[in-house]
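Across the two complexes that follow, subunit A remains constant while its partner is subunit B and subsequently subunit C.
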Partner chain A sequence: MADKKRSTPKLDELEKGPWPSFVKEMKQAAEKSATAADALGILERSYNDKIGHWKHGGIVGVKGYGGGVIGRYNDIPQDFPDVAEFHTVRVNQPAGWFYTSDALRKLCDIWERHGSGLTNMHGSTGDIVFLGTKTPELEPIFSELTEAGFDLGGSGSDMRTPSCCCGMARCEWACYDTMGLTYDLTMHYQDELHRPAFPYKFKIKAAGCPNDCVASVARADLSIIGTWRDNIQMNKDAVAACATGGKVDIGKDVVAKCPSKCMDWDGKNLSIDNGNCVRCMHCINVMPKALAPGKDRGATILVGSKAPIIEGALLSAVMVPFLKLEAPYSDLKELIGAMWELWGEHGKNRERIGEFIQRVGLGNFLEQIGLEPVPEMVTQPRTNPYIFYDVKK
Partner chain B sequence: MATETVKRKTDIGPPHYEKFLPPIIKKNYGKWKHHEIVKPGVLMHVAESGDKLFSVRAATPRLASTKTLRLFADLADKFSGGHLRYTSRNNVEFLVTDEKQIEPLIARLKTEGYPVGGTGPSITNIVHTQGWVHCHSAASDASGVVKSVMDELFPHFEKMDLPAKLRIAFACCLNMCGAVHCSDISILGLHRRPPKVNHAALPKMCEIPTTVASCPTGAIRPKTVDGKQTVEIIEEQCMYCANCFTVCPAITLADAENDGCSIWVGGKVSNARHEPMFSKLAIPFLPNNPPRWPEVVAAVKNIVEVYAKNARKYERMGEWIERIGWPRFFRLADIPFTKFHIDDFKHAGEYYRRSAHIKHMPEA
Partner chain C sequence: MNDINEQQVAEAMYAMVKEYHGKKNLKAMDLTKAMIEKFGEACTKDLCKAAIRQLMDSERCTYSYVGGSYIVLPPEKK
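Take a look at the complex of A and B:
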């Protein structure tokens, strides 16, 4: 197999330079796999032609699952027969993307036996991505994965693989257990993850605090962002140390940058008008030893972000301003259930939940799922006087 | 010996994360006190117990061979008790408890070609999509553009020399698998010509009503060609979104000369200071010029440099531009403003300036 070298002068250029090279990775894989060798060859062809050579294919997958595998074929199979089929397998990552060396090696063993040896660590949604295999390999991959304790992730119109920041595992700012919640939701919704039955995809991302390290507000239909209700915790000695430490100018770097203008610094005392703090995290980020999120912690639940397809890009919008998030997370599951039921029944084909809410109106959506409207859900009340009153009521 | 039929397992879910956590994390889970950046690429988390965890962060190309994963596994065994994790931006982090292991690990990673950095006010790994490596929809390659841009911006990965963190993202079509629309700088591949319909193949491959319904601008209508039901595209109405292509493979969009990249700036997802915001259009089109996309690299570098020179400490790209105003941004970055910068789709009108609040500039 290794003799199947192709000349790739354009791609070779990308082996140079200080940044890690994907071409080096592809060549490493090509030493052992004819599939990877052809993947390299067809990519060089694309670099010459300036177009891609992949077609989206028919439905492929493993028995009993509707998602987890993306079928892929090329449009010049006569030239690149070893990537005539080049399917992707999405493997559900462990929450927080933590691994042991043994777990990584086990995944490598399976993938070297049955695929190209090319991976993405990780895909955009969070899955481990195995890049490039053929249909007959899918069942063996699946049974070896489950034997090793792994399972497939989502694809198509299903709940996509939930993902999260490392939260309490390493971060002092985590306002709830992101990994615990993510694992719980993933297990609770295995059917929704593996068997597409929604109008379109539904992504869940859990961030432990408003820093939102997993970009949940932009990349998830359900964005769970940790926050707190009581006062920011302050360690006065650490504030004093900060003031004299020389690294931070509390007046300029912290107080002047507070978006709510709710902080005051007289050179000795730092005070915070917590009632006006929007929980943005800036002051805490800058003075991590002196300030910390409060003790009454939970999360803001936002819904509906998405990329432009179809009706334009959206950020998620506030659905529940504050929710205590403790196992077994019943209120959150109840909310998810109510939203899925409504959207599942009335959503149009390929309509994300954010678009659905825009179409029916947030007010109507809330009424249907049984949530009371509160002013935290909007930046201001409407200015438009054309109001649809409920004439029947 | 009779072979026993193993019962096929389904719906077991991912392994429980606890199995993979290092002892120091199990012990201090939810009991961390504070953290700091010891040096570029090295975080130190201190627990209430006084335990210290060092995370050494190295860049990976996202598209990684199993050989590299095995290398990381070996490095983890040698330096971090077999424990490692990945970040949401495709960096790998070795979870070190023995402080003495940090420098040798960094040195080894560097020799192997996986440099350490990407913490604090720096440019970290570019989140990106599949491009010509794997996707059917791509208007540009992803990995090649990302590699070229990061080679050029590399000093900002290793040093923490920017006003604030700078997040770059790349997506190869408007599907935006990486949801790049909220990054300090987004590079977005786009098509600029209406799709072509393969009338011979379409009737066999696609459902006409679904195809017609897929178009957000109503540019597709049914048509009969050679006695067969197919569709036609009203070209003036098309905005090259590729939605039709996603539901019907007999419609193709790839166009070697007209596909390319656009550059968007000033988005963010974190709530720190300013609320999260979308990236806005800076440059409507740059050509695909593989293997190194010099036009894209130069454009991104210019924007980074203008930002680095003019923004204040802690100011993200979007916060800086908001303070100085867009007219000033376009002038400082020397980027022409065109009619393409003005929205004419769903949000048209929302961003027309409807006041006399203008920061006039003296004649140049």
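Take a look at the complex of A and C:
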């Protein structure tokens, strides 16, 4: 692809230094793909012009689906004809992002045949992201993907591809089967995933424990975060080993950093006031052999986070403090159905569910979906001093 | 209560998409609400969902993305 080689002095700067560089990968792809070469060229041009040259949207996709393909075009096609169309294809990732090398090879072969060869493993929604193809290639890509056992993910005003942490597959702290739940929700809500019918996007992320490795509390309209109801499990011998091993100063590194001050260490014994534990995971993270989540495990269901697009960023807030999450997950599906029904009917165009709750008020929202308010739903201490309670009552 | 079937709803939705073409983008819920108003309680949300699916599978309508997702006529039918 030598004839396509473009001068990219600004991008070349990004190849310097000790870290892996996307520029290096794009240059490698450009050796074989004119599309990748033009993608590099337009990026250099954007750095020079100090403006992005991409526009997205429009009517582009595969038959019957309203999601999975994001139409992308550039505004200077005369200069970069090989990326005049540069559509993104989102492919539904397997729960937990586990692949065989054979599956990865198949995906890459399909993409090299029909697209730029550039991928993003994985996008912020969790999908396998194929970057850059033309409209006539979409149906062949879809056809080959389905033959290989893959399907498109979500985009637009639909349920986005649910994603999760690796859960019980690799982590002993997983309080429920995140991968099982994610697979179940993906299959159960195929219509909502492929046929956009919501006011705006709806993301579901499943984290196995409060460490929230998928950052669901900040990135998902429905954050499902593993937790436990009983006491933290303690291995006293391992606690003693921590104390004598010298790697952990239990008083300074664990007890003093407990956010609810529910731990005590007298130099020999560690005690935990589990009733005041807020499940922050700090002590468990510091002493993974000595402490572990309790045995009565499930998840907290939180709703409403989003990045700042139309309105400002929101974090998810507690909707159900504890739910045993076991197949077929009927309680969770009932809750999701009630929320979608209300938000779907009364949400404004491009209004995320968190914004909707803010607009109608949490009290009204709870009443309409049939949930009783509980203290755990409070997102922050009250700031209005003109509310008084009669303590005698 | 009048009986109403998927085909009738799909036809009514298609007529609405055609009528609003170029004037207003319609979302799935806009069509659903309009159908329920037109046909009454016999027209359920599930029936509307099936009608939209029929319109998409038959390629009489397609999805577009302009900030949000809308149901529109395919480019060649404009």
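In the analysis below, the second predicted complex is superposed on the first by the 374 of 393 C-alpha atoms of A that agree within 3 Å, B and C clash if a C-alpha of one lies under 4 Å from a C-alpha of the other, contacts with A are read in each partner's own complex, and residues count from 1 in each chain.
Going forward, a contact is a pair of C-beta atoms (placed from the backbone, for glycine too) under 8 Å apart; a residue touches a chain by one contact, two chains touch by 3 or more.
Note that the structure is predicted; figures quoted are calculated from it, not measured.
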> For A:G61, is the partner it touches subunit B (first), subunit C (second), both, or none of the two (neither)?
Replying inline: second
> Touch check for A:P94: first (subunit B), second (subunit C), both, or neither?
Replying inline: first
> Looking at the overlay, does A:S157 come into contact with subunit B only (first), subunit C only (second), both, or neither?
Replying inline: second
> With the two structures laid over each other on chain A, which partner does A:D221 touch: subunit B (first), subunit C (second), both, or neither?
Replying inline: neither
> Is A:G17 touching the first partner subunit B, the second partner subunit C, both, or neither of them?
Replying inline: first
> When the two structures are overlaid on chain A, which partner does A:N349 contact: first (subunit B), second (subunit C), both, or neither?
Replying inline: both
> A:G71 contacts which: subunit B (first), subunit C (second), both, neither?
Replying inline: second
> With the two structures laid over each other on chain A, which partner does A:D191 touch: subunit B (first), subunit C (second), both, or neither?
Replying inline: both
>> Residues of subunit A touched by subunit B versus by subunit C: which partner has the larger set?
In response: B
> Following superposition on chain A, which residues of subunit A contact subunit B and also contact subunit C?
Replying inline: 56, 63-65, 191, 349-350
> What residues on subunit C touch subunit A, complex-wise?
Replying inline: 27-29, 32-33, 49, 52-53, 56-57, 59, 62-69, 72, 74-75
>> Please output the residues of subunit A touching subunit C within their complex, sorted ascending.
In response: 56-59, 61, 63-67, 70-71, 155-158, 191, 195-200, 344-345, 349-350
>> List the residues on subunit A that touch subunit B in their complex, please.
In response: 10-11, 13-14, 16-26, 28-29, 36, 39, 43, 46-47, 49-56, 63-65, 72, 86, 88, 92-105, 107-108, 111-112, 117-124, 126, 131-132, 143, 146-147, 149-151, 163, 165-166, 168-172, 174, 177, 179, 183, 186-187, 190-191, 194, 210-219, 225, 253, 257-259, 278-282, 285-286, 288-289, 292, 305-313, 315, 349-350
>> Touching residues of subunit B toward subunit A in the complex: what are they?
In response: 6, 8-17, 19-21, 25, 29-30, 32-36, 45, 53, 55, 59-70, 72-74, 76-77, 82-88, 90, 92, 113-115, 127, 129, 131-138, 141, 143-144, 147-148, 150-151, 154, 157, 171, 174-179, 181-182, 210, 213-214, 216, 241-243, 246-247, 249, 254-257, 259, 267, 269-276, 278, 288, 290-292, 313-314, 345-347
